[in-house]
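Report on the following structure.
Going in written order, the chains are labelled A, B, C and D, and every chain counts its residues from 1.
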Amino acid sequence: MSVVTRTPAPLNRTRISLLEGKARYAPTLATVGLFLAMFAAGAVMYPGFLSGQVFLNLLVDNTFLIVLAVGMTFVILTGGIDLSVGSVVALSMMIAAALLQAGWNPVAVIALVLLTGATFGLLMGLVIQVFEIQPFIVTLAGLFLARGLCYVISVDSITVTDPFFTAMAQARIPLGGRMFISPGVVIALLVVALAFYVLHQTRFGRTVYAIGGGESSALLMGLAVPRTKVLVYGISGLCSAVAGVLFSFYSLSGYSLAATGLELDAIAAVVVGGTLLTGGYGYVLGSLAGVLILGIVQTFISYEGTLSSWWTRIVIGALLLAFILLQKLFSRKVTVT
Amino acid sequence: GGGTDAGTGAGGGSGDGITMGFAQVGAESGWRSANTKSVQDAAEKAGVDLKFSDAQQKQENQIKALRSYIQQQVDVIAFSPVVESGWDTVLKEAKDAGIPVILTDRAVDSSDTSLYKTFLGSDFVEEGKKAGDWLVEDSASTDGPINIVELQGTTGAAPAIDRKEGFEAAIAADPDLAIVESQTGDFTRSGGKQVMEAFLKNTPDIDVVYAHNDDMGLGAIEAIEAAGKVPGKDIKIITVDAVKDGMTALADGKINYIVECNPLLGEQLMDLAAKVVAGEEVPERVVTEESAFTPEQAKEVLASREY
Amino acid sequence: MNEIVPVVDLRGISIEFPGVKALDGVDLRLFQGEVHALMGENGAGKSTLIKALTGVYAIDSGTITVLGEQHRFAGPAEAQDARISTVYQEVNLCPNLSIEENILLGREPHRRGGIHWKEVRRRARAVLEQLNLGHLDPGSVLSSHSIAIQQLVAIARSVQVDAKVLILDEPTSSLDTEEVQQLFAVIRSLRDNGVAILFVSHFLEQVYEISDRMTVLRNGRLVGEFMTRELPRMSLISKMMGKELDALTELDRSDVRARPDRTDAVPLLLAEKLGRKGSVGNVDIALYEGQILGLAGLLGSGRTETARLLFGADRADQGQLTIRGTAQTLRSPRSAIDHGIAFSSENRKEEGLIGDLSVRDNLVLAMQASQGWLRRIPAPQQDQLTEKFIAALDIRPANKDALIRNLSGGNQQKVLLARWLITNPKLLILDEPTRGIDIGAKTQIQKLISTLAADGMSIIFISAELEEVLRLSDHIAVLKDRRMVADLPNDGVTMEDVMTIIAGSAA
Amino acid sequence: MNALLKHRLTWPVLALVLLLLLNQVFRADFLSVRLQDGHLYGSLIDILRNGAPTILIALGMTLVIASRGIDLSVGAVAAIAGAVSCTYIYTSPDPSSLQTAAVAVALAVVAGLVLGLWNGFLVSVVGIQPIIATLVLMTAGRGLAQLVTDGQIISVSNDSYQSIGAGFVLGLPISILIAAAAFLAAGLLTRRTALGTLIEAVGINPVASRLAGLNARTITMAVYVFSGLCAAVAGLMISSNVTAADANNAGLYIEMDAILAVVIGGTSLAGGRYSLVGTLIGALIIQTLTTTVYTLGIPPEVTLVFKALVVIIVCLLQSSRARTLLKQRRRPVTATSDVKVAI
């Protein structure tokens, strides 16, 4: 059989594959671009919008959502979902508030809260993995359970008076020009950076992506699929607990109805940030951008200040839709067929 | 509770030029919508530039709205807190920015009362107490134990907790009165109906229904009728709120007693705002004008009710 | 071979699936520095045996000895740790990740502060070079490549490690001759370095070229272990089939001659300069009723993309398509099907199987789709059709209700072929229809294609095996660098002729 | 017997029976049903009647999930349907006539169909991920409903309208008859025609389905329209049951209940094979659970914990079946379908 010498690959093919390599970032880039466009639009429409603090407030007011979205990104990248995060935030706040009220040391309280959150997540992950129950259901049960435990702790809201928590709540890190951020922002951004590192620089992180690309393939490739799947929920639980602590810093209280529906905000942020719910594609930085976009929508509405309650909802829905559509438009041809 | 002196302020125009940021809880009930409407109408009448935002029952949204009001440097901020606790930080920011704050409808539990100028709103515990007092009085003539079932509001919500507390405190006066079942109906009609259906099957001899709002009471009426009993007669019904549907049922004799919880505090709010912005002294606590109605009184006022 | 102890020694392996005894007391020995072929018809149990060895399936009985030590791997990860490297039958990689990551996933080199991406790229480049794939961009996403490239990447992954045992389950099914040679060169050098290699293929040529020894399975049972050079092809085939194959004589007989173009008639399908930006171009085809057109070209030359254009799976944006005399634009597969065109994809896992549905549902799917959802094909008719094709194509297990994902690869392919045959199309486009099909079935399918054409069906036939294309087609369209460069009537065209066109300059 | 144990509905049915028995233990007359004013009366009837909206919505949800989608907007659609019909009745010149009620119902149904079409359009034509596409309507939908009602609870008194949710015919609640009819219709429509198989095919492998000539777009569109229709009828039931439209609270969280029902009934959220009977049982379990909370007098503070535990137990039971089966044979490494496609 004669062997044909291969002619060198034509140039255009390499170019195409290169482009397709970059195209992975398109939805995320589109999100960032849209955010900037929206900010510019706000500056034109409303006086006082174009200030650094308006942008910084997006961070200050969304620290917990950023951290939640980070945890959710891990889960969604594997093709799973975690509905329990909002409730775990509330549970963390309740535990923290109740223990602080009982006079515990704040550091011990935070440690315990983080441990509880991570354990809660790990347990859900174990149930999902060992009993092969769908994540949606396990975490929905987790949602009920965590929320229920909040009520069991107390139906009343509990105020936090601990000096450390108060200090964290009221501390302002000045950035010059009367601009400031809160310590929570620093923590949240650290979490983002850490997550970015884990996802892109560790084997665990790459396994997360691999599972999203094809779970059975990942298994056949000899990757630690079961362990990773369990851990991902642990991470999400841990992030929820961190978010709970940040929320406590933010609101200095524990309230059993707090953070309801936050899971949907987190999911929306992740998806708006360009992550595919089927798993395998997406970036934490995109999720951060997603949070900022949801935040800026809120800012628009309060700057507008004339919308009735129902128009508020309709406008939020419409803006969300507009975003997704624009993002689709800009990142065409990225999804695989 | 009762009347106050703050309600009779100057007429329209007193608020000219004021910008007010108002952060509402949400639009979770007809009561809340009436409250919003009252604030908006009063603002327009008083010439106040109202920045309104709806938090959709989320504290974080409300805090965001307050921050944006501070950023926009409004003259005065008013808001109905979603929850009592957790406002110190943002209120301090408002104070630092020199923006006065008025609380409406619900209180905050901050120990530092300098963070807000005044609190305008109902006293939920008092409402529960009024309901309980009426029952104690009403059942004074009857002998034997009286079985009460309670339809609670949303678990964890301040009105639910307080109305339960006030009612329990009041009926403690009469050992015959006992709450035999208590369950949440989430402040909704269908919740009230479903829970009442189950109560009726569980407990054959219910004498009194105490519902934390009219809607649940109205749901309970339907359940009672479906069970072949007569609401208002076989089973007495006490509710809180006094919205139109509730008042109609009261006038029809299906409800026996309604404690009013008045959402129309717009004008009072605008008056207070004008005073606060002008630097005048205002009382720390302004209770809204509220009363309670029996069927007879309901018939009289029904035609003139605004909501 | 200076060691007598086998590297891998399987004894009495049995595995039973509900209703199927997939393996029944099978033995297999692998020695250092040999290429060992595992042979058997579709569904004989080859893939199952490989999965038993590597811990994907737990075995019901038997022993697995690796390097003298008894093992029971709990999963592929453990097998890998024991330095057994495997390419499973279906391409099992992560389509969302880059080529380099797919090659090194799970064994990325680290340095302080995380994965050493530069080193990842270097190693990936090295192994790609080794397989003569140096032109591939290691950073490009796997899913942007054709199934053949993906198969090569899977192989690259398996040879990248320093393995003692290398298992390749039908690695060559979508590779063309040149790629196969490249792979064989790698296999030989690994063998010479003392690696034990288990090789599965339905291509007898390849098996005889590369293997030293073979184990033959039939219906989940061991037939025997043979030295390749001592076993003539005919007896191998009869051992695999359990009977003498008279069709085998037909296999080499080239009984197809070019049917003359009926220039008087209107062509069924006429493509003029058809193309799609960034995909293929310059497709000129005139296909008459009852003709078979073969598409030839190297992998990645655009055969699959041509087929997709003709089926409306991708939309053409250049040139013109005329079907039976009227100009048409195909907007979707649906509209192509309405014109009597059918297309069986080369990528059966992602573009063919509805894995969780039964054989019957999969088989009648296209027909049902044409009839519309309202008119359900009555159950008796479904059963009858299914039974007919199970018998005609010898689909095993012969169970209409088995889930198609539990069928062996070759049998899945047969079901997908049947899916289109029952719709009785005017034009049938077959992209690698014989991929992964055993020799008996392959002959059967080739005969079937001839018969269909004789009965008036037109067929476009794509296969990595050039001989097959030459044997069956009336016309051969040659593609090169995603352009059609020649259309040869098949009157005595030889492989060399085609190769010269492919190798020659584009002009 | 063995086959029975292996049947995928065995455990959900068992869970339902156990829940009912638990109630019976606490209240001796729980299972009894008597005739009262010419209609059936009892806890079982309540469960059916109050569960009817969930059953309906879960039916629609089953098909959506089978097509590998999800519909979060059903609660909002239900609220809109109720708002539209009640507002129409409220503002009509003849608010108590049968004709008014009929027009109101028609309006609500049309609203449901249109909203379903909208969801289907976003998912199948625009190609937005279902969870987000329907999240848009979930958020905006309640706003729309409030826009219609002006934020007020609209009370109506129209006997014909009231009978949809609270009426009886031949002693049976009309709502449950509607749900049963919808169940039968859905069953016939999907199993007597090829629709069911085609939906499953699209759900399992959309790419392969398209190449097999299926019009995946139309099918996807159809399931969302059906889901919208079911949600609208459920919305009618909910509002008619209390003769009022509550734009904010009607059908709140019902999407979660419906999804839970679908999954308890054995349909995978990954799409593909589905079971309508399973969904029915799942919905009944959820409604019975609510009733159980009332019967047992569980305090509101621990209600959620109780519900969560029961859900977990039911799910574990279901999967322990998978475990025991696993002991007898092995399966491919993952139960999930390998085919992953970005939608």
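Note that in this section a residue touches a chain if its C-beta (ideal position, glycine included) is under 8 Å from a C-beta of that chain, and two chains touch if they have at least 3 such contacts.
Labels paired with UniProt names: A = Sugar ABC transporter permease YjfF; C = Sugar ABC transporter ATP-binding protein; D = ABC transporter permease.
None of these values were measured; they are calculated from a predicted model.
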item	value
Pair joined by the larger number of C-beta contacts - A-D, B-D	A-D
Whole-Å separation of chain centres (CA-atom averages), chain A against chain D	29
Centroid distance [mean C-alpha coordinates] between chain D and chain B, Å	34
Centre-to-centre distance between chain C and chain B (centres being mean Cα positions), rounded to whole Å	72
Inter-centroid spacing, chain B versus chain A (mean Cα positions, whole Å)	36
Residues of chain D whose C-beta touches two or more other chains	146, 151, 207, 300-301, 303, 332-333, 338, 340-341
Residue numbers of chain A (touch at least two other chains)	151, 155, 213-214, 216-217, 219-220, 280-281, 308-310, 312-313, 336
In chain B, residues with contacts to at least two other chains	26-27, 33, 36, 155
Pairs of chains in contact (touch as defined earlier), listed by label	A-B, A-C, A-D, B-D, C-D
Footprint of chain A on chain B - complex, ascending	21, 24, 26-27, 33, 36, 50-54, 56-61, 63-65, 67-69, 71-73, 83-89, 92, 109-111, 154-158, 161
Touch list for chain A against partner chain B, complex	48, 51, 53-54, 57, 60-61, 64-65, 150-151, 155-161, 166, 169-170, 247, 250-261, 295, 298-299, 301-303, 305-310, 312-313
Residue numbers on chain C that touch chain A, as the complex places them	56, 75-77, 79-80, 86, 88, 92-98, 101, 105-106, 108, 110, 113-115, 132, 135-137, 139-141, 143-145, 157, 177-178, 181, 278, 298, 300, 481-482, 495-496, 499, 502-503
Residue numbers on chain B that touch chain D, as the complex places them	26-30, 32-34, 36-37, 152, 155, 181-184, 186-191, 193-195, 197-199, 201-202, 215, 218-219, 222, 226-228, 243, 245
Contact footprint of chain A on chain D as seen in their complex	122, 126-129, 131-133, 135-147, 151, 207, 247, 256, 259-260, 263-264, 268-270, 300-309, 311-312, 315-316, 318-320, 322-323, 332-336, 338, 340-343
